[in-house]
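Each structure below is given as structure tokens.
Each of the next two complexes has subunit A plus one more chain, namely subunit B in the first and subunit C in the second.
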Partner chain A sequence: MRRAILILGAALAVIGPMLPAASAADKIHVVATIPDLKALTEEVGGNLAEVESLARGTQNAHEIEIRPSLMLKLRRADLLVENGLELDSWAEVAVQGANNPRIVRGAPGRVDVSHGVPVLDVPSTRVDRSMGDVHPLGNPHYSLDPGMAPIITQNIVDGLARFAPEHRATFEKNRQAFLARLDEAMARWTRALEPLKGARVVVYHPQWIYILTRFGLSQAATLEDRPGIPASPGHLTKVIRQMKEERIKVIIVEPWNDLKLATRVAEEAGAKAVVLASMVGGVKGADSYIGAIDHNVNALVMAMK
Partner chain B sequence: MLGDLLALLWAPFLMCLVLTGIHAYLGVHVLAREVVFVDIALAQIAALGATAAFLLGHETDTWESYAMGLSATLLGALVLALTRSRRRHVSQEAVIGVVYAVSAAAAVLVADRAPHGAEQVRTMLVGNLLAVRPPEVAKVAILYASIGLFHWLCRRPFFLISTNPDAAYRDGWRVRLWDFLFYGSFGVVVTSSVRIAGVLLVFSYLIVPALAGILLGRTVAQKLIIGWAFGTLVSVIGMAASAVFDLPTGATVVCAFGLMLIVLWVAFQAVRPASGRLTPLA
Partner chain C sequence: MRPWALVFVLLCVVLAPAVATAQDAAALRREIEQLQKQLQSVTERLQRLEAQPPAAPGLSAIDLARPRQPFGLYQQRGAGQLLFDIGIAGDFVGNITQKNVEKAQGGTFSGQENRFFPREVELSLFGQIDPYASAVVRIEAGEEARGADTGVHLAEAHVTLLTLPFGTQARFGQVRNRFGYSNEIHEHDLPWVDRPNVMRNFFGAEGLHEKGIEMTLVPNLPFYIEALAGVFNGDNETAFGRTSLQAPLVTGRLRTFLELGNEHALQLGVSVANGQTPERLPSTILGWEGRYKYRPESWLHPLVTLTTEGLYSWRQFNVVVDADGDGVTDFLQKKQKNRLGWYLGGELQPWRRWAGGLRFDWSQYPENPGAERSFEPYISFWPSEFLRFRAAYKRTDRTHRDGFDLNGGSARTVDEFLLQASFILGAHPAHPF
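Now for the complex of A and B:
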């Protein structure tokens, strides 16, 4: 009996330490601020990376409450992938709390994927708090525009390669494979949205400017008078009037915004309110990058019929 | 432009009138019982119930959401009825205060797990008056009219227990049962109102018109009529201000209540300076 225990003990002592080491050493721990970036990092990293997201797809990406679990995730991170353009400045508090030298500002593990992105809506005048939740560096909601995927994934490849240079070729290969699939999907989306070129839509929050521009639609007005502040009846009346005059048929609503109000406004204006995924995972069926854009394109086409 | 504005605002305005009708009446009771915070606590519990339903995937206008809000409120009403003692203790206010704070915090926690939680928490606070549609106004009006009828039929025990509970005990009324019926019907009203107007506005509609009635009126009928008139006046002022000054509607009406109460009190002081009472004399 005693010998059996000794042998078992010796076996465990030898095998034991090898087990966790075998699984942990292989994967790069990446934390992304938003689920879009998590999805893209997973495409590029493949099975070399283990990726988590700080925000959930249904949340409002401007204001995420920092919780201890976020700091714990960041503490273990080798890389932090962020959207930049001040969308995820809320993450800075968690980063400081996590006290992880690899991902502080300026460290090689900090990947800001907005480098090289052609930013839209850069304000030309001075901005301040009285204008609501305006984005001073330009509209940061570029991540779910498929045309931006090449730039974003290139930044992610560079970031991953800084940490693990020996795997750069694999990351590049993964990226090319993903972009090829994306190109196929892009052809499908362009076909579907072709008849809607030139159409004007109303949006709740100016979340959609990149994807609208990409496919030739445009934003006529926002339901929000100033972002982040509930709309006044005067502003809503103006929007309803504009929708009737220009025959605008669709109001696009983010999953985290007030669908009930948007539906009321749509009814008054003879239009339809449709919820699109503002991030991957924002609505049911939008659980991957291509899946989310698929959902959005289909929903938009259905609503404009 | 004015026509468009009215088209948007008429249904919310009608809803304000419906809210005034039932809430001013219930407010007279609440002030007589001197448990002012009970309504804000029950409103917050109703909001917590609705938020919990939200977490389970039931949007605000589903029957599941209403059922959960109502169950939570009735449970709260039960607790409040049971904690009333024959001698008026300060401790019930303490219980009510704790219930309010905890349910508000719990709603934040629940909302954190839910899809668009932050928006939900804000809607529960200031409501969503602008999104009200005409069929909703009709449904709520019918519900509140039924409750009003119930209270009219049982007006003797309800008013006796609110104004003179000792006499009620002496006369043999089952005070705890009537308390539960009162808080229960109160809970039904509050659960419906909170999802439309939010906790702050429900509180305002409950307390401020009744305060005006008690300040200026002597008999119950007078208090009610003055309360209804005051509530209607403030609704008009609040909605007009929101349209003219381009402000969010729910919060503007709450502030209008505050402002008009100050105006009323000043006028009251000017007319009858000797008896500057603000508390009800039942």
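Now for the complex of A and C:
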């Protein structure tokens, strides 16, 4: 008898930690491909959702290493929230390895938040890789444009409500509360960037077009020769000349890109290289959606002073 | 009777319009009341809106028009989109080695010594069949023999059932078996110019690829573990070759993964394959694998990658016995040969476009006596994500000539310069860890 109790106790000790906590089990388990979508899903899902991200903020969202740990996250997921437009197509490999029918392509648990987004940089001519790593469906970096948050969160509400229709009203309430806070922040950002309207900036990788357009700035050139193709010396010389001619003051650099190179080019052109959060968590202090945009707006304003 | 009827008809003719007019008036009154109510509601909403603080300045038309209500999903993205992906991967290799090695056909690319040739040009078609299954078809072309016309064959064609219960998936068709780390990787995706010696010696130049079915299970646990079991024909001539489901090739694999923070990751696995040889004798191969990557935070590529894999083979052979020494076979005796092989590789990638590494191989031969060891330093350069050049030097030392002595040549010591050029055209799925 004592032996049986001992075995039972040992088994419980081993199996116990494997069982998910009751409170976590009650929640909708959502996995987002990138941290921006994690942050927005947390806003909409509130206490009803537990959200994880596959990519980290400091990573390049185009090239995420497919680790089995991603498959482990997806194995438990009720919903997979993805950016779409081929930014996170790498997630498909992880999904296929996760053996989770709830989130395979075409399942109700697959939420593509790009539906309804007015996509920029959609190629109007035939594209091939001589143009670099182009996105045939358009520029996929819309998520850090606060003006897109209403569309994204609407898609998230719909996705969450497909899983838990009884909570749709709560999700919608959470969304409205978040959008109200976002509206306030939007007014602040618009005021801060108002004096910079019409300014031109150089970017390392063309992923800032949405937020620049939103606040009336524009992209003059990229440090990359073409998307995803490293800069050649000839191209950099051309960019430096253009920056001097147009008196461009700022080069925007992603946390994962080569800051040293950008700084050298900026110094050469009499400008500044500034690291912006390309995703939530990309830089220190950019730990929430509004926080990341706050950081980006402030950094841009400071750099362009 | 007739006058009364006439009066009735006259009354109807006179009164009917009056009744209709009265009904119309009532309906109109109701409509006006409803409109008044609607107007009142709109006025109240307008007053409420006017009482609110003014909208934030600078909001664009997109902000004002943004959807606050559910809208239709699945909008069309454009005409003519393909329903599946198409990609082409090309892999060309060249090698320069000694004349005697060429004569003995004892180089890494046996029979193709001192040549540059298309090793593998692969057309991949992959995508969803329906919400429940995906499929992959790969058609390969390559120069299979010295100077021969390029042959085309079906490399892979399999269907994966994605929506099975209890964390399982099933894959059936012709597959590159998920046995160890490198076997399932196609030539152009390998982290070296050539497949490791032990894999070529134990499974043949093209590795283990079979026709059959395999199931995977990823249990819902706090740690990652993938269990795989498969049943195949056993067509691989080098290791099995029974080619019948009467005595199938049965495979299994357990794979786990450990993450030590965001920067360090380790994958470990064990595999097993059990089948029969054409002589109906048992053949079992046990494999183990390990892969470690150190990827500093925010780097686009790993700085250090270590890979190791080993195989141990138990295989029975019929040995001819001449008991009385009269030169006539008296009987066949079953004999077991246990063989081992392994490799260890390390790669350093300090820059995004450049990597260098070294692989050490040691392997016995499944049938012949002796062993070989080789070391292979190499350097890789990626002008872009879709184009790669690689150069390597490989030195192989063998303990015996047996098996590498064709045409009176000898390949006990082999020095080779290996070159590789690989490209990807179109779609290519992300690489697993």
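One rule holds in what follows: the second predicted complex is superposed on the first by the 281 of 305 C-alpha atoms of A that agree within 3 Å, B and C clash if a C-alpha of one lies under 4 Å from a C-alpha of the other, contacts with A are read in each partner's own complex, and residues count from 1 in each chain.
In this section, a contact is a pair of C-beta atoms (placed from the backbone, for glycine too) under 8 Å apart; a residue touches a chain by one contact, two chains touch by 3 or more.
Since the structure is predicted, the reported quantities are computational estimates derived from the model, not experimental observations.
Enquirer: Assess the superposed three-chain arrangement around subunit A: do subunit B and subunit C clash, or do they fit?
Expert: Pair status: clash.
Enquirer: Output check: A:66 vs subunit B and subunit C. Expected answer is one of first, second, both, neither. What do you get?
Expert: Second partner only, subunit C.
Enquirer: Examine A:118 and indicate which partner it touches, taking first as subunit B and second as subunit C; both and neither are also allowed.
Expert: In the superposition, A:118 contacts subunit C only.
Enquirer: According to the stated criteria, A:174 is in contact with first (subunit B), second (subunit C), both, or neither; which is it?
Expert: A:174 contacts neither subunit B nor subunit C.
Enquirer: Under the stated touch criterion, which partner chain does A:53 make contact with: subunit B (first), subunit C (second), both, or neither?
Expert: It touches nothing on subunit B or subunit C.
Enquirer: So, A:207: does it touch subunit B (first), subunit C (second), both, or neither?
Expert: neither
Enquirer: Return first, second, both or neither, reflecting whether A:190 touches subunit B, subunit C, both chains, or no partner chain.
Expert: In the superposed model, A:190 contacts subunit C only, not subunit B.
Enquirer: Examine A:137 and indicate which partner it touches, taking first as subunit B and second as subunit C; both and neither are also allowed.
Expert: A:137 sits against subunit C, while subunit B stays out of touch.
Enquirer: Does subunit B (first) or subunit C (second) touch A:101, or do both, or does neither?
Expert: The second partner, subunit C, only.
Enquirer: Examine A:229 and indicate which partner it touches, taking first as subunit B and second as subunit C; both and neither are also allowed.
Expert: After superposing on A, A:229 lies in contact with both subunit B and subunit C.
Enquirer: When the two structures are laid over each other on chain A, which of subunit B and subunit C touches more residues of subunit A?
Expert: C
Enquirer: After superposition on chain A, which segment of subunit B among 7-15, 25-33, 61-69 or 97-105 overlaps with subunit C?
Expert: The listed stretch with clashing C-alpha atoms is 97-105.
Enquirer: Find the residues of subunit A that appear in the contact set with subunit B and again in the contact set with subunit C.
Expert: Common interface on subunit A, subunit B vs subunit C: 58-60, 63, 65, 229-230, 255-256.
Enquirer: Sort out for me which residues of subunit A touch subunit C in the complex.
Expert: 17-18, 56, 58-60, 63-69, 71-72, 75-76, 89-90, 92-93, 96-101, 104-107, 115-116, 118, 129, 132-133, 137, 147, 150-151, 154-155, 157-158, 176, 179, 183-184, 186-187, 190-191, 194, 214, 228-230, 255-256
Enquirer: State the interface residues of subunit B toward subunit A in the complex, per the touch definition above.
Expert: 1, 4-5, 7-9, 60-61, 112, 115-119, 122-123, 126, 128, 130-133, 239, 242-244, 246-251
Enquirer: Considering the complex alone, what residue numbers of subunit C touch subunit A?
Expert: Counting only subunit C, the residues touching subunit A are 56-60, 62-63, 66-71, 73-75, 77-78, 128, 130-132, 134, 160, 162-165, 167-169, 216-218, 220-224, 226, 255-257, 259, 262, 265, 267, 293, 295, 297-300, 302, 352-353, 384-386, 425, 429-433.
Enquirer: Provide the residue numbers of subunit A that touch subunit B in the complex, in ascending order.
Expert: 58-60, 63, 65, 225, 229-237, 240-241, 255-258, 260-261, 263-264, 267-268
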